[in-house]
Structure formats: structure tokens, C-alpha cells
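I've put the structures underneath this note.
Each of the next two complexes has subunit A plus one more chain, namely subunit B in the first and subunit C in the second.
And now, the complex of A and B:
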């Protein structure tokens, strides 16, 4: 419990710190690298939650594929840090106010006594969160959504190619 | 091996915090690229919440949902960055304050 608490504190601290850094950093490349740090710490949290397959997927898909896409676009377009970092005018104050309202609302929901739950059990079924167990559920109960996801990805590929073509917009 | 017994509440509060940071990024930044990154951050906060509830209820449906969220996020990033490239090619900027064709 002590070790797990320490690991949780470490991953959570890294995630929150790097997330704040990402939002307020000027250089887009640094923003992308800070986002990688956030994603890797969330992957560590997934391991703490007995979800090894999701943790591996997080590293592969997010920290691997999606971040490379971001870095490609930064370097392809040669985007530099914009001179006023934040939006100007009333949008900034309104945005921060709105974010505070969202946070209070989320905390209210999380801390409300109606969602009182017992401590998570330490007795897990064998193979909980393993690739084999997830695959069994995915290819039986969730087969149709899984197949529809492949169509979605195909549409995304076609859309990305068409949009990135010259003289489109 | 004893499994993790970190309370669900900790993960929920962390997810709320990360989601809020993502909201701030979307609402406050000017660079469309960083706005995309903030959206990824919000999706990840929700994923963390899903997995935490999955652990609490000893059900793997949350893991499956995270899988689908990741697939949708990958599709969203591919299309979104393609749109960003198209905008940058025409307007030579990635700032959302400059691109306001629909604003009138």
C-alpha cells in the first residue's frame, strides 16, 4: 500500500505538472514532449490499476503513433510559438472562469455522498486486464462495435489524405 | 501478490484535475496545435476514469471502452491535423484568432 501510494503520487504529480507545463509552454515541440510525459505517467497509472494491456496500448498508440503525428506536423509546418501566447480580450477571463466552474462541478460529482463505494477489492479474477481476457470480451460481446471502428479508421485515413492534398481548401 | 488498493476517489480527483487543465488549454490558447493536444489530455483524463471504475467494479467493459476511445482519438487526430495543414497552407497561420471565416 505504501509503495503503491508513493507510485501513485509520483505518476500523478508528473502528470499534473507536465500537463500544466504543456498548456502554458510557448514552443510547440516542448508542448508535444510534455504531453508525452503526461501520457507515459497515465500509462503507469493504468499499470497500478491492473490494466497492463491498456497501459501497453497507451504507450504504443498515444506516446508512439499520435505524438509522432503531432511532431511531424510541427516540423512540417515550421510552427513557431505565437507571440501573444493566450487569446486576447474577454475570451481569456471567460475561459478560465468556465474551467473553474467545470472543475468545481466535477469535484462536486466525485465527492457527493451518493457515489459512496466500498474500497476496491484486492481479489481480482485471474488474468484481469490481460490481452487474452480483453480479446475474449472484445471479439464476442463487442464484435460489431469493433468492426465499425475499423470503418471509422478507414474513413479517417481517406479524409486525412483528401484534406492534406494541395488546393483543397 | 496483493493487488493495488488505492481508493477510487484519488483517481477520480486526478482525472477531474487533468480534464480541467485540458479545458483551460482549449479555451485559453491561440495555437490550434496546442488545442489539439489539450483535447488529447481531456480524452486521457476520461480514460483514466474509465479504467479506475473498471478496477472498482472488477469488470473489463471499461477497458474495452478505453480501447474504442483510443481508436476514435487516433481518427480525430489524423483528420484534425490534416485540416490544420490545409488551413496553414492557405492562411499561413495556426492561430485560432486569425481563422474566423464563419464568424461573419
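And now, the complex of A and C:
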């Protein structure tokens, strides 16, 4: 139990610290790296929550693939300047607005009585968080949301290809 | 979570770490010797018997060299990048099962450091993190050739990761598990290389690209990019990149053996020895490829990954799933 507490403090502390660093850092590549550190610490938290499958996916998809592409773009654009990325007032306003919305949503979920924050991990059913269990739930209970999400992603992929190819047509 | 378990884990970590770190100089020596003979040369022979200590001498030389950090580089990232390559490769070795369980002092000890039930995903995740070492090293050098090498590497590794992952799904479908130990145990009678032959071929090809080895070593193509992503590196930082590369070779070979080539199963000899024999043969195959094939052109490499390997791996997945579904009945 003590070990778990220590690990939680370590992962949570790293996540929060790196997230703050990501927001305040000027160099875009450093920001991207700090975001990778945040994602890795969150995957550590998932392991502590008995969800190794989601932890592995977190690293594989977000840290291993999406963030590499982010870095790829940043390097190609070669944004090295010390100037902040967003300077216009309206963009900043939008950012703050969305941050507040997400914060309120999270607070709402945490504070609502249906969320049990203190559920001990020993009460979990056998096989909780295993790939089989997640797959079964994903393809039965959450089938429609799952399929809609995949179609959304497909639309984004097709859209990216269309936008990129338009110059050459 | 008792004391015995902690001691057992610590010992296993030390043994595996020592094996990898001592194994890398031997692989380097083997590579130079084998390529030498394939090209009708003798290879290293001056230091120690058959030149066995040559790599140690090279290591000492690298240790003594001046450690250069370019003035215009991003210093923190420049220093972290080589370490990332090594750390990700070494972390991945923890889930490879070197043998079945053994009995020591009345305790049953499985011969892998950590029994993760998503071991296969864990390996894929850590190797995908390995891209950062190369990309960041190329970027932090603040120089043209390393940047190009780093960009190539990120594109190449992401492209080949897909085919590699989808090829492995065939075996996951057949066994119904992601645990490497259980996949290994399922091959007692039939190695998966037989029913999953195409998956095996796709995995091996993309693993070579994933570890940046010839003929897919575009990130460090010396004919066009000087030395690619590690042009600005010297001394031990440079050596770290090579340590990482060879450790990665051990990881992908270990996974290939565990998943397709029957892991530790084999007649007469003890299981661990069988694993090591297969590992050596696989690494020899790597060296053999390097001595045989010329380097691909960059566009050929990307076209091969996206237009040949990826469709082939998806086809393999569909066929496997169909056969399994037909066999299990309606």
C-alpha cells in the first residue's frame, strides 16, 4: 500500500509538473517532449489502476505515434524562435474559454455522487482491465459510439489527404 | 510482495542487464568477423584470441575520447537523446521469456523479469518510444544532415511499425493471448512459423527497418547523409546509439523467436540453451543480410512499407481470422 502511494505520488507529480512546464515553455520541441512525459506518467497511473492494456495503448498510440508525428511537423516547419506560438488576443481568449469548460466538466464528473473515488482495487472483478474484458465491452455495450468514432477518424484521414493533394491536381 | 520476490526480481534484472550489456560487444565482434569472412577478409584478429577483445578495446577508446557537444546544439536534448535509445531497448528486454520456469530453493521461478499480461503490446510500445532517441538526436544537433536522418527515421519507423503490429495480430488471434510466455507455451508441438509463415516474413522485414539495419539503414546512409542522425555525436554518446541499436536487435530477435520460432522449445538440450542458439542464428541472419544486400533508395523504402508490407499484413490478418472463424464453426 505504501509502495502504491509512493508510485502514485511520483507519477501524478511528474504529470502535473510536466504539464505546467509544457504550457509555459517557449520552445515547441521542448513542449512536445514535456507532453510525452505527461502521457508516460498517465500511463503509469493506468498501471496502478489495474488497467495495463490501456496503459500500453496510451504509450503505443499517443506517445509512440501521435507525438512523433507532432515532432515531425515541428521539425519540418523548423519553429525555433523564442516568440510565443499564439499572440493574437482572440486565440488566447478561445484557449482560456475551452480550458475553463474542460475544467468544469472534469470537476462535475469528480464531484457528482455517482462517481466512486474511493473504490478499493481489491473489489474489482477478475480479469478487470484485461484486453478481453475491454474488447467485449467495446464491441457490445459501446459498439455504436466506437464505430462512430472510427468513422470520424476516417473522415479526418480522407480530409487530410484531400487538403494535401489539392495543390497537385 | 514479499522479500523473496523482491530479491528474485533484482537478481533477474541484474542477470538480463548483464547479459545484454556483455552480449552487445560479442555481437559487434561476430558481425565484423562474419562480414570480414563473407568479403574474403579476416576481420579483427590483433586484440585477444581471434580478435575477441577488439570491441572491448574500441569501447575503452571511445570512453577516453573527447566528448563533443556542438555549440549551437540544444544541449539538454542532445545529451538525453542517446540515453533514450538505450533505455527503451533495455526496458523491452524485461518481458522476453528466456526459458520456461525453473525450480530454485523450492520456488518456481519463471525465466522472464516481468510477467506482463500485455507483454507483446509492451514490447511494441517501448520500441515505438525508441524513435525519440534518433529523432531528437538528429534535431538537437542543429545541423542539416542529422536533421534529415532524424526525419527519415521517424517516417520509416512509424510506417514499418504498422505492418509489424498487424503481422503479430495473426498469432494473437491463434493463441488468444498477449502474454509472450503463454504464446511460447502454445508452440510446444507446432511452431507458429508454419501456420503464420507470411506473418513471420512480414515481421522480420519490418523488424529490420524498425532497428535501422541494412538494407534499411536510411537514417544513417553514409553515401548521402555523412552519418545521418549521429553525425555530430562522438565518444560515449555515439557508443550509446550503437549499444541501443544492438540491444534493439536482441529485442526484436527475441520477440521473433518467442512468437514464431518456438521460443525455448527444442529436443535434448536445456530450454535456455535452445533460446540462445536460436538468438545467435537470428543475429547471424541479420549480419548476413547486411553483407548481402545494397541499401534501398528512400522512396523505394517508403513505397515498400506502405504498398507491399502493409497490404500483405492486412491480407494475412483477414485470412487468419477467416480460417479461425470457419474452423470454430457457426
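Keep in mind that, in the parts below, the second predicted complex is superposed on the first by the 124 of 169 C-alpha atoms of A that agree within 3 Å, B and C clash if a C-alpha of one lies under 4 Å from a C-alpha of the other, contacts with A are read in each partner's own complex, and residues count from 1 in each chain.
Keep in mind that, in the parts below, a contact is a pair of C-beta atoms (placed from the backbone, for glycine too) under 8 Å apart; a residue touches a chain by one contact, two chains touch by 3 or more.
Quick caveat: nothing in here was measured; it's all calculated off a predicted structure.
In the overlay built on the shared chain, the residue A:131 is in contact with subunit C alone; subunit B does not reach it.
Contacts of A:57 after superposition: both subunit B and subunit C are touched. In the superposed pair of complexes, A:156 makes contact with subunit B only, with no contact to subunit C. Once the two structures are overlaid, the count of subunit A residues touched is higher for B than for its counterpart among subunit B and subunit C.
Of the two partner chains placed by superposition, only subunit C is touched by A:71; subunit B is not. With both structures placed on the common chain, the touch criterion links A:17 to neither subunit B nor subunit C. Shared-chain residue A:36: touches subunit C; no touch with subunit B. When the two complexes are laid over each other on chain A, subunit A has residues 53, 57, 65, 69, 76 in contact with both subunit B and subunit C.
Here subunit A touches subunit C in the complex through residues 3, 27, 29-30, 33, 36, 52-53, 56-57, 59-60, 63-65, 68-69, 71-72, 75-76, 130-132, going by the rule given at the top.
Within the complex, the subunit A residues that touch subunit B are 1, 4-5, 8, 12, 15-16, 19-20, 22-23, 28, 31-32, 35, 38-39, 42, 45-46, 48-51, 53-54, 57-58, 61-62, 65-66, 69-70, 73-74, 76-77, 79, 81-82, 84-88, 91-92, 94-96, 98-100, 102-103, 106-107, 110-111, 117, 119-125, 128-129, 133-134, 137-138, 141-142, 145, 149, 152-153, 155-157, 159-164, 166, 168-169.
Subunit B contributes residues 2-14, 16-25, 27-31, 33-34, 36-38, 40-41, 44, 47-48, 51-52, 54-56, 58, 60-61, 63-64, 66-68, 70-79, 81-90, 94-97 to its touches with subunit A in the complex.
Note for the complex: subunit C touches subunit A at residues 1, 74, 77, 116-118, 121-122, 124-126, 128-129, 131-132, 135-136, 139, 147, 150-151, 154-155, 157-158, 161, 176, 178.
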